[in-house]
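Below you'll find the structure I mean.
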Amino acid sequence: MRSDLREDSMHTFIAHASITHVSPRPPQWAWLWLLCICGSVSAQSAAPVPSLSKPDTVWVLVSACLVIFMTLPGLALFYGGLVRSKNVLSILMQTLAVFAVVAILWALYGYSLAFTEGNAFIGGLDRVLAHGLDANALAATFSKGVYIPELAFFVFQGAFACIACALVVGAFAERVKFSGVLLFTVLWFTFAYLPMAHMVWFFPGPDAFTSNAMAATATAKAGYLWARGALDFAGGTVVHINAAVAGLVGAFMVGKRIGYGREALKPHNLTQTMVGASILWVGWFGFNAGSALEANGTAALAFVNTFLATAAAVVAWTALEWLHKGKPSLLGAASGAVAGLVAITPAAGLVGLMGALAMGAITGALCLWGVGGLKRWLRADDSLDVFGVHGVGGIAGALLTGVFAAPRLGGAGLWDYVSERASPDYNLLAQLWIQLQGVLVTVALSGTVSLLAFVIVKYTVGLRVDADAEREGLDIATHGENAYAN
Amino acid sequence: MKLITAIIRPFKLDDVREALTDAGVSGITVTEVKGFGRQKGHTELYRGAEYQVDFLPKLKIECAVDNAAFDAALEAIMSAAATGKVGDGKVFVIGLEQATRIRTGEIGTDAL
Amino acid sequence: MRSDLREDSMHTFIAHASITHVSPRPPQWAWLWLLCICGSVSAQSAAPVPSLSKPDTVWVLVSACLVIFMTLPGLALFYGGLVRSKNVLSILMQTLAVFAVVAILWALYGYSLAFTEGNAFIGGLDRVLAHGLDANALAATFSKGVYIPELAFFVFQGAFACIACALVVGAFAERVKFSGVLLFTVLWFTFAYLPMAHMVWFFPGPDAFTSNAMAATATAKAGYLWARGALDFAGGTVVHINAAVAGLVGAFMVGKRIGYGREALKPHNLTQTMVGASILWVGWFGFNAGSALEANGTAALAFVNTFLATAAAVVAWTALEWLHKGKPSLLGAASGAVAGLVAITPAAGLVGLMGALAMGAITGALCLWGVGGLKRWLRADDSLDVFGVHGVGGIAGALLTGVFAAPRLGGAGLWDYVSERASPDYNLLAQLWIQLQGVLVTVALSGTVSLLAFVIVKYTVGLRVDADAEREGLDIATHGENAYAN
Amino acid sequence: MRSDLREDSMHTFIAHASITHVSPRPPQWAWLWLLCICGSVSAQSAAPVPSLSKPDTVWVLVSACLVIFMTLPGLALFYGGLVRSKNVLSILMQTLAVFAVVAILWALYGYSLAFTEGNAFIGGLDRVLAHGLDANALAATFSKGVYIPELAFFVFQGAFACIACALVVGAFAERVKFSGVLLFTVLWFTFAYLPMAHMVWFFPGPDAFTSNAMAATATAKAGYLWARGALDFAGGTVVHINAAVAGLVGAFMVGKRIGYGREALKPHNLTQTMVGASILWVGWFGFNAGSALEANGTAALAFVNTFLATAAAVVAWTALEWLHKGKPSLLGAASGAVAGLVAITPAAGLVGLMGALAMGAITGALCLWGVGGLKRWLRADDSLDVFGVHGVGGIAGALLTGVFAAPRLGGAGLWDYVSERASPDYNLLAQLWIQLQGVLVTVALSGTVSLLAFVIVKYTVGLRVDADAEREGLDIATHGENAYAN
Amino acid sequence: MKLITAIIRPFKLDDVREALTDAGVSGITVTEVKGFGRQKGHTELYRGAEYQVDFLPKLKIECAVDNAAFDAALEAIMSAAATGKVGDGKVFVIGLEQATRIRTGEIGTDAL
Amino acid sequence: MKLITAIIRPFKLDDVREALTDAGVSGITVTEVKGFGRQKGHTELYRGAEYQVDFLPKLKIECAVDNAAFDAALEAIMSAAATGKVGDGKVFVIGLEQATRIRTGEIGTDAL
């Protein structure tokens, strides 16, 4: 069956080689050719000078702001509330420091390696040190002739890189060494995040798709998974599966917390966690709907799906916990919300409203298993369930996207950039196989890079604080402060 | 003089304080504590992790009384704090060698 | 006097029957005819294909995000801080669960019943199960020929339904049964919220108002209160009075908390409440200014009024409390803010800046009485003063809107959709009577539905936890978790 | 050297007198001529009726919302977490009350005095009591012919006034009298904030710059520092230096807290402070990028710089503290974030990305000294380091703006409103001297007004609570409530 | 050996600890408590609800001393904790039968 | 009857409680306290302000035992709470004049 599936999809892929431009819409953010107005506009093109779309600029800037809000303070609070009070500052500090470091690296080389043309796996060096990134540079969106300031695209994408790296720290909270986190972040960002972003999101922009022939040429320049036709609207693979695998590897490498499985390692402030989850939800509207890069119907669809899938996951988790454990917990509901958000991420602008409800409900249930049965089976102390929620939810979301994007299930199908309309064909099994490939590539790349990075950290700055420091709490031991006083 | 230490249910504080005031006790000191005893606790569930919590919130009330007032005070606590269900708590009595009021330096019964 | 007023207004109404299209502007959100691009555009209309306005799309999406932010975490924190620490998770959980359930119901049937054409009291079934709600569907705004994605309108309105239902839970906090809250929500949402939304907000859109004759036809299809000319810019009746009455009925039905009136039932975290109030304020800019459905001068006016009325209410409450009780409290100031926000809701785009200041100050003072004198008189344990703030403030706001919308008091007057300008006539007393009718209809409908719903809940799943659970706290007893630990 | 610098710049200034229209771009928010549509449009101008730009309207309204979010709850939490738990409500209450009072004064006379034409130091009375401020009034942006609702500009600017006044209270937290804070606010707002805003930001709008001759006329009507060519993109002088000086004077006048220097006056909740700092960051995107008044490349640049400078300052502060004290603290990182934000404020749309990183890093280091060495030297109990962060950061930012705005350092240079492009000349030393003048004027004005205002307060309502109240905590003593309970 | 228990005003902690250290006491244990006595509380107002709060925050200091050090320790507390206003608190003295240091198992005076 | 009061390291609570249960003690009362002693504290830094913190978090465990159970209980605490490093804490023993169970009114050993 598997091989059938594979054959089928490969066949499909080869047979349709001439229309590989039938790609997801918006597969995700495509950074386009830099359009330096003052630059060399090719003489033969009599195209009008591309001009900036103000409403889309507002939309992408507001979305960038929302995505930043997701990390600071959203994720920080979500995680911070789940640790014991003696470690809350350490988790806030890790989130903040990782955010700041990645922001800087993004400007120095990250953006260039992810979003300029290079090979199928990594971009080029055109934008290193923010070269050419000024107020006049434009970036394409998913519609021909519609541009936004490249800086808006830069910061929207930068915010994604920041949250992806910050997500990881939840897996080895309460015992990891601060310097270790920082070193790991630099390595993982460079060798796992940037290639994934390039592979999934880079393509030469819709203006290049003028004919089937040109589309083939353009597709050849795109990232590896983009070219294969993997659907990932807002970053399920790049952000969630990627980070979750890193977290899981980290949880294994750093080892279990002292007292794990014996003492009660309880969340110190669930109100805080709930606020964090709420802010994540709110910010996620920017994450998902902003990924349309335009304020259009697709953005509205992504927004609505982010509303509905999350609600469905909250209800699913709550109902199942109520049935199985007798009590519906707030932490469960909040975790369900995050699970739903993770699930809908790759699908946001691609599935219909009923599909979103289904995806939310299914993933809510799966992640409940992810933090329970699966976690016990994995035997890793993934402190804040990064894998259980983002990994399980991300994988489920990636695969279900392949299902519910099908037009007959209310989905948007595949977008044909040449004809500028949805392609009439949709092969569900083939797409599912492509989706699975996306998942496998992510797991393999992130797993390998993470493992190597943690080994490097271990034998250089070290991975874990000593037992006394862990007992005293990282806040005092590592950061010299206490979160709470009179 | 005696030092009465009572472990009671939190929601009984106001009743006990009033009863003690009626019994002529002029001051008490209250501490939030966690108690472990016959009363059974509850289970808490945080995602996959289930914890049995045996410690329950209680209040510890300390009051120093002179011997004359002792019986009334004890009786006041006993009746005000009781619900009849497991977990009502205990009263411990300890002999007090000396009591002093910091403000005035008064000693003994006068200090209370 | 009363009957005079009545006669007068009735007279006005009848006399002007031919210009009933002189309706509030934007009376509120009008959901318009669904304009499926691919659908049947009537042949005789040579109108250009309606196209999406991107800036207005951004504005409505951002506003939807802000309204969601109001509930999660805004309202949750505002309420959560006011209960005792043993019940904080229960209030957060109720807010979150109600939000999620209503979001799902909104997609399943709520939106359809509220915003498609039906009779004067309830809409139709066209959009049930999100039928036809795809990325291409457009909805009208208040200007002819200006459209936004219907999904944007859908989610903006959905967020209103969520917060309205969540508001109610504050009235019977700390003792209500979780399953009871959920069942009540489903009933009240269906039988009180949806009809109110339809009656106040539904109209066939500005494009239908091509002539006085067409206007009369269009008005005949509108909701009951819309057709009468009731002014409610952003939902004072539908959301606030509606929810407050439900809360008050609930407070009576569920009964007083153990210890009410004897023990100190103090807020456990006023910082949290202040954060909640602040977020409510911030989100309310979306609630009120977003209700213009366009990014125009009316939106800016609604925004500014939301800024000023709130400030005035903060100052009024603070000053009076200082005078009467000797100390100006933060909780007072925060409550004043919410009172001001409630008051300006129906008036936001309709009154002038000085009118907004006056409305804020008056309502701030009235709500101080609402949580004090009135509350003692009502003898209900409305735990978090839902009626004292949202009820009193909502009623005051509805009536004062009739006053300060008067052009001679700096207001915008009534909008004539045919001539596309404000009507020169404004009969203050007549309008006041119409406003009062809106209030009375809301009180009657919500009161009746709530009473029946609570009775049903009481005799099925139950309304109240037992005394031991109430003493232990709902967090442990109902949800199996503790908010705070070390 | 100094006098050379001065001569040089003066020379430059005089020599280029005819091109004083070469002013910063956007120097900052220019409130323009009121364009009452119904008003007197001069007959000789055949210009088309100015019309509203919807996307820019969205952008400014959203930005206003973000700036309000910075104060409530951002600044309130940032400050609130840093005081002891017995004073947290007092700081929240001061923030909220100052916000509300200033909002009202803004409508009554503040906006008019700051942003209508008057003399070089203060505006006129045209807009007193919101006269003429209705939904149709338009305000210019920095591009010819691009308008937004004047109410949007009004509220965006109003939010700035609110946060500036609220910033001050951090300097004398934990012992100041509430009534004293209110009286001081009214005085300082009127006599320090409004003149500064007028001097730095008022100019007659780009449409007036039709020729060099007209530009000279227009510049003559502008505020004092604007006319001199001081660069302050989003308010480094008007908001930060201004408030910081007031705070420092206040710290001296109110005196040290009981126990200062002996007892541990520790922050009671650093999580709260971190949330506050995060919200400040998020809101600051509106503060800085919104100051472009348009959703264009400059806005995107300001946004990106607000992202990068802050990140650099976080890393700089953290690294230095780690090196010097052995432990990198969260409070340090959060303070670094605020320092970076303050620094980039005057520069946001004027410097390049690498310039922003440099400014952030330099200012992060300087402010670390500001809260340490400098603070000890000043011997004032500036409780929450308003001067150490906002004063030092503001001054450093103002001066560094003169450096990094230089085109050869990647900056945008000076904008010529006549030719509508950047001027080719940029004299770094001259500009630095102009920047220094801006700083000196601010320090002198704010210092003088603050001193007088505090003296008035001292001899009327009083400046400080008595010792018992200070020991008990202001929450109970002044506001009659406790922040936290069970 | 005696166990001295002092109820003091919170802001006096540092003074008392220093005075005790000067008096040769090497260790103390501090508990946050709420005290009820002659000192009057305050009123709190939460919207319409007014509450009279009679319990005031106090600190309880416990220190075990040998008999030789007792007078000095008591004197140290008395002078360091006093302000002369109502609410300064009390000192209670209890006989200590035994003291042990957990780390070493030392018993009696050596354990302190 | 005796009242055993032990000051222990917080993370030893579960061990001590189990040891006491094994030793036949049926109830304990736990209080969060701050301890000052030989164990040195740490420095905290808040921006420019550096504070030396000498008080460390400890738990106080109180348990009333009858004389027969006393030795076992003491031994249980001593061995369960020890790490051998400075700061392990102390055990204080006080004579208990009387103990009562509030629920039943039982007195003496029966009350424990």
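Read from first to last, the chains carry the letters A, B, C, D, E and F; within each, the first residue is number 1.
To be clear about the criterion, a residue touches a chain if its C-beta (ideal position, glycine included) is under 8 Å from a C-beta of that chain, and two chains touch if they have at least 3 such contacts.
By chain, UniProt protein names: A, C, D = Ammonium transporter; B, E, F = P-II family nitrogen regulator.
As the structure is a prediction and not an experimental result, all values here were calculated from the model.
*Asks:* Which chain pair is joined by more contacting C-beta pairs, A-B or D-E?
*Replies:* A-B
*Asks:* Averaged over CA atoms, how far is the centre of chain B from the centre of chain F? Could you give it in whole Å?
*Replies:* Averaging C-alpha atoms per chain gives centres 18 Å apart.
*Asks:* What whole-Å value do you get for the distance between chain C (Ammonium transporter) and chain E if each is reduced to the mean of its CA atoms?
*Replies:* Distance between chain centres: 55 Å.
*Asks:* Can you list the residues of chain F that touch 2 or more other chains?
*Replies:* Only 31, 44-46, 94-95 qualify.
*Asks:* Residues of chain C (Ammonium transporter) that touch two or more other chains: which are they?
*Replies:* 54-55, 58, 62, 266-267, 269, 325, 327, 329, 331, 480-482
*Asks:* Chain pairs in touch?
*Replies:* The set of touching chain pairs is A-B, A-C, A-D, A-F, B-C, B-E, B-F, C-D, C-E, D-E, D-F, E-F.
*Asks:* What residues on chain C (Ammonium transporter) touch chain E, complex-wise?
*Replies:* 264-267, 321, 325, 327, 329, 331-332, 335, 371-372, 375-376, 385, 388
*Asks:* Inside the complex, what are the residues of chain B that reach chain A (Ammonium transporter)?
*Replies:* Chain B residues touching chain A (Ammonium transporter): 44-49, 51, 53.
*Asks:* For the complex, which residues does chain A (Ammonium transporter) have touching chain F?
*Replies:* Those in contact with chain F are residues 259, 262-263, 471-472, 476, 480-482.
*Asks:* Quick check: in the complex, which residue numbers of chain E touch chain B?
*Replies:* Result: residues 2, 6-8, 31-38, 54-55, 58, 60, 74, 77-78, 81-95 of chain E touch chain B.
*Asks:* Within their complex, state which residues of chain F touch chain B.
*Replies:* Checking each residue of chain F against chain B gives 3, 17, 26-31, 64, 94-103, 105, 111-112.
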